[in-house]
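Each of the next two complexes has chain A plus one more chain, namely chain B in the first and chain C in the second.
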Partner chain A sequence: MGRLRYPLRRIIEGLITLFIVMTIIFLLFRVMPGDPLSIVIDPKMTPEVKEMIRHSYGLDQPMFVQYGIYLKNLFTLNLGESFRYSQPVSEVLAARIPNTLLLFTSASVLSAVLGIILGRIIAWRRNSKLEYGLTLAGLFFYEMPIFWFGLILIYLFAFRLNLFPISGMIDFELWTLGATTGEKIIDILHHLILPLITLTTASFCGMMLLMRTSMVETMKEDYVEAAKARGLPDKVVRDSYAARNAELPVITAFILSLSASIGGGVLTEKIFSWPGIGYELYQATIGRDYPLAQGCFFILTLMTILAVIVIDITYAYLDPRVSYD
Partner chain B sequence: MNAKTKILEVNGVVMHYRLSGGRSVRAVDGISFSVEEGRTTGIVGESGCGKSSVAGTILRTLPDNGEIKSGKIYFKHGEIAGKSGMIDLFSLSEEEIQKIRWKGISMIFQGAMNSLNPVRRVGDQIIEIMRYKDKISKEEAQKRLERLCNIVHIDPKRMRSYPHQFSGGMKQRAVIAMALSTDPKLIIADEPTTALDLITQDRIMEEIKEIQKELKMSMIFISHDLSLVSEISDRVIVMYAGKIVESCDKRSLFREAVHPYTRGLINSCPRIRGDKGKLSGIPGEPPSLSSPPKGCRFHPRCPYAIAICREEEPEYKEMGEGHFSACWVVSDG
Partner chain C sequence: MFKANKLGIIGVVILLLFLFFALFGPIYVEMMGNSYSPMGGMDTSLGINPETNSYAWPPSLKHPMGTDSKGSDIFSQFLNGSYLAFLIGISIALGAAILGVIMGLISGYWGGRWIDSLIMRSADALVSIPFLPLLIVIAAVVGSLHLFTFIMIMMVFSWVGVCRVIRAQTLSLRTRPYIDSARVAGASSSRIIFKHIAPNVIPLGFYELTMIVGAAIITESGISFLGFGDPTQMSWGMMINFCTAQGHTFKAPWWLLPPGFGITLLSMAFYLIGRAFDEIVNPRLRKME
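== the complex of A and B ==
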């Protein structure tokens, strides 16, 4: 029972957090200016028709009644129907989530792997040219605006050199002309490369810098010095003494970035017209599609809360000093 | 065993720490001493007098700004890099000294609390070093680990624990076990009991003495505590501000020590037997090693200082059999 008490407590805490966040989101959308039905209602309609439409969307109800319905629906995992698509929100999201995951999860994993490997190497070669060079480059690419870098890549490699498609995830022409599965996969990968490079560059630099800082701190620890003095091979000291301890904060950052990856990136997806959650969230917010935007935020919040719980539980395995009994 | 066989000979070693702005700290400034096989040489001195730097210089585990300026260290080791007999440690490459580390010379670190990797089991860390250094199988290493546990009085089952699950005394025992694990020829114990409470300190000292007797270990024992050093050592070396001011046999230390600094250290130790005497400290602070005083480095704190002490460094001279001291006042009679 002792082992289960902690996860159970965390799940209850997570549910409370979810409830608070969803309440704030509900209120936020209601205080936003503008009429959500403006895209459905034609000004030429008679007041009766307008009222009918408003009633069918439930928007004629007092705010607290709307809130009650909203909570009840969330509790039963009914995310409502999108105003714009006239389709259940869950279906809209289900169609977008795989696209976003494909792009962002691969970027997260790639960034973490590259970041940990390079960060460990440059920290270990303290004060070398390699360290200075990569740290400087890392700072530059980490701090640059991601949309700017994305646009430059599009301009150079898609527009000028014509190596990659400018936007989107698939070539409609190719797909409608009955391409084989292999051709379809290659087509998606071809579209994936530029946005993947854009995303990975920025976040991998963050990971590398974090790993470097953490590693430099760990290298000052007595146990690293002691391991060196014992005459263990350099690689063993670096990997199983210094890096093994330095990785802990980087793994936190990685799991958080994985959870955030389901939300995609509004900017990156917009620039590359990648049909993912970020792009949809942008459209839904602009178009005041309450249920869809709420649905997006619901998924985002849920994933973040889950990630934090996963981080806590993973830590107990990675760091024996952490115990939840 | 021939007590006269030297296992380690340190000869006029100078080691500086480079600081920014071209300055440097002369942490080890012309140190010479030797360790005989099966014997223990103790080094005593205040914090910051360079005693741990001596250890770092021998094993070459100095920080990046530590620079060995001159001197030689000879160590008796089996054949290495085509050399044998007394090997000049400074002439070895990093790769070759790597082979001396833990096979020839091992170390019990200052602050054992933090010298174990927190995310790995204690036993695994000891087994790891045995397997790297002696190329033995897991089973063989496990057997040896159990023997080590008996020597340092740890229940072998506890070796599956992580360092944070150990008490301070147990961590210290584990670190001692680690230093013994590869059967080194010489052990350097750098303040091995400083972080422990007095009761535990006493127990660990007893255990070290037992190991010393049973395994006939050669050892360098470093501490700021004169009574600990004299308890365990055959020879005692007193360091002050990067230099050796006096060295003599343990037996003659309390009676025959002549250097005013050594006398000061002795007078600041409470005694149980013999005349009670007055406890007195040494006034003042040790000097900065980046700009040590001219002449004898102890003169600003020395109650007997005369004119020449301020001008010229005293010579390190033999006062009696095996008893050396560097002081103008006593050497002039």
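== the complex of A and C ==
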């Protein structure tokens, strides 16, 4: 029981969070100015046709009925019909989710690995020139607005040097001309590099700085001193003794920064026109496509909540000193 | 102590520089005349620049950072952006600090009770809400995010870090003998919290606080960049938004670069100061020199 209680509790809490957030969103969307139908209804249409479309979107029902339908639909992943695409939102999203996951997971993994490795190196050489240099450079990238850095990368590597495509995820011409699977994969990777660098640069520095702080603290623990006293090589003490425990607080901090990185992901997708959930959210908001904007936000929240739960549970499993009741 | 905090001193220097920029903004407009106003000021005397096909000219003696596509002085916008960054960053951080300290003290003092659970679960819930997408959705509802609305929403999302630090410290302090003796002497809970615990834990939240300033400035710039910011305020993010919206991203680096450096350097300065301060007050970081 004890082992299962914590994960179970976290999942229930996650559901409650989701419920509260989505209720706020429902209320928000209903107070939105302007007629959401204006985008799918031609002003020249007859009132009967307008009424029919309004009815088909459920917008002629009382508010609480709409709310009931809304909740039921959310939990059955029936997210309505996109105004702009005239296609179910779930279909639009299903096509976008893999793109976002591809960009976001590869950036997260890359920045975690880079951040942890560099962080333990600079902590080990505390007060060295290397530490100051990397800390300042890391801080610069960490505090830099991600979209601005992305624009600079686009300017330098896509516009000036012409090494990478300026935006998008695939080269339509290439795909319609019947490219092989291998060529398609290379094409996607080619498009992925700049957004990936943008997102990774912004997040690995945060990890590096956290790892450093965390390392500096564990390095003073008695067991690290003891390992040194036993004459173990520096590298072993650093990587197998100090770094092991130092990684734990970094995980906690990663959770805290997760929603910020999702935000960074949205901005990155926007400037690179990367066809993911974030880009779609931006487009839907600009185009007043209620169901789609709502759906995008729902998926982004769901992904964040899921990620936080998974990391939390892993953390509880990894660190037996932490007790949760 | 100073030697160990070289980075902290760099932070203070950058901060003072930007503080000067923020205060100098109105004086600069006063000196140069209304055509230098950050919002709506225009100087079209140079005519159209054939390179950019607009009134955007590179830096010159007359306009130290050049002009934008409407002929507006970029240096003036930059100064105004500096002022806005301080306003946004400091007010959000202060609001978040007050919330975070109170929540952290309550949560830690009554650690394990229902109130602690309630606060910590709310904190858990808050960190799993992606706030930039939420801000985008809210901005869509209200057209654009008024500065005040933005500050209020960000306060609600920013207190969690401070709260956790304060709570952890409070949890360890409340079992100390001096707290017990205060209790035995008949001190009320609120007196113990505010007189005996708060002064010892608040300094530890300062580091989190400086992180919030940076995060707030960066988030505002993101929202403004997307075009959902307060249209009446020429913030750094708004400058970048205008630059890209006018198609000048690749044509006018003098327009694109200054606001980005402003955001980065000022956020960095706050972080460096917070870190230096933390190394002084946080006993866990102090020993090894």
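Simple rule for what comes next: the second predicted complex is superposed on the first by the 309 of 325 C-alpha atoms of A that agree within 3 Å, B and C clash if a C-alpha of one lies under 4 Å from a C-alpha of the other, contacts with A are read in each partner's own complex, and residues count from 1 in each chain.
Here is the rule we use: a contact is a pair of C-beta atoms (placed from the backbone, for glycine too) under 8 Å apart; a residue touches a chain by one contact, two chains touch by 3 or more.
What you see is a predicted model, and the numbers here were worked out from it, not measured in a lab.
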Which of chain B and chain C A:L256 touches, first, second, both or neither: second
Partner contacting more residues of chain A (chain B vs chain C): C
Set of chain A residues, in rising order, touched by both chain B and chain C: 126
Touching residues (chain side chain B, partner chain A) in the complex: 59, 61, 64, 97-103, 106-107, 109, 111, 113-120, 128-129, 132-133, 162, 164, 178
Partner chain A, residues of chain C touching it in the complex: 4, 6-7, 10, 121, 124-125, 127-134, 136-141, 143, 160-161, 214-215, 218-219, 221-222, 225-228, 237, 240, 244, 249-250, 253, 256, 259-260, 263-264, 267-268, 271-272, 284-285, 287-289
Of chain A, residues touching chain B in the complex: 126, 221-223, 225-233, 236, 240-241, 244-245, 318-321
Chain C-facing residues of chain A, complex: 13-14, 16-17, 20-21, 25, 28-29, 31-33, 126-127, 132, 135-136, 139-140, 142-149, 151-152, 154-155, 159, 213, 216-217, 219-220, 255-256, 258-260, 262-264, 266-267, 270, 278, 281-282, 285-286, 288, 293-294, 296-297, 300-301, 304-305, 308
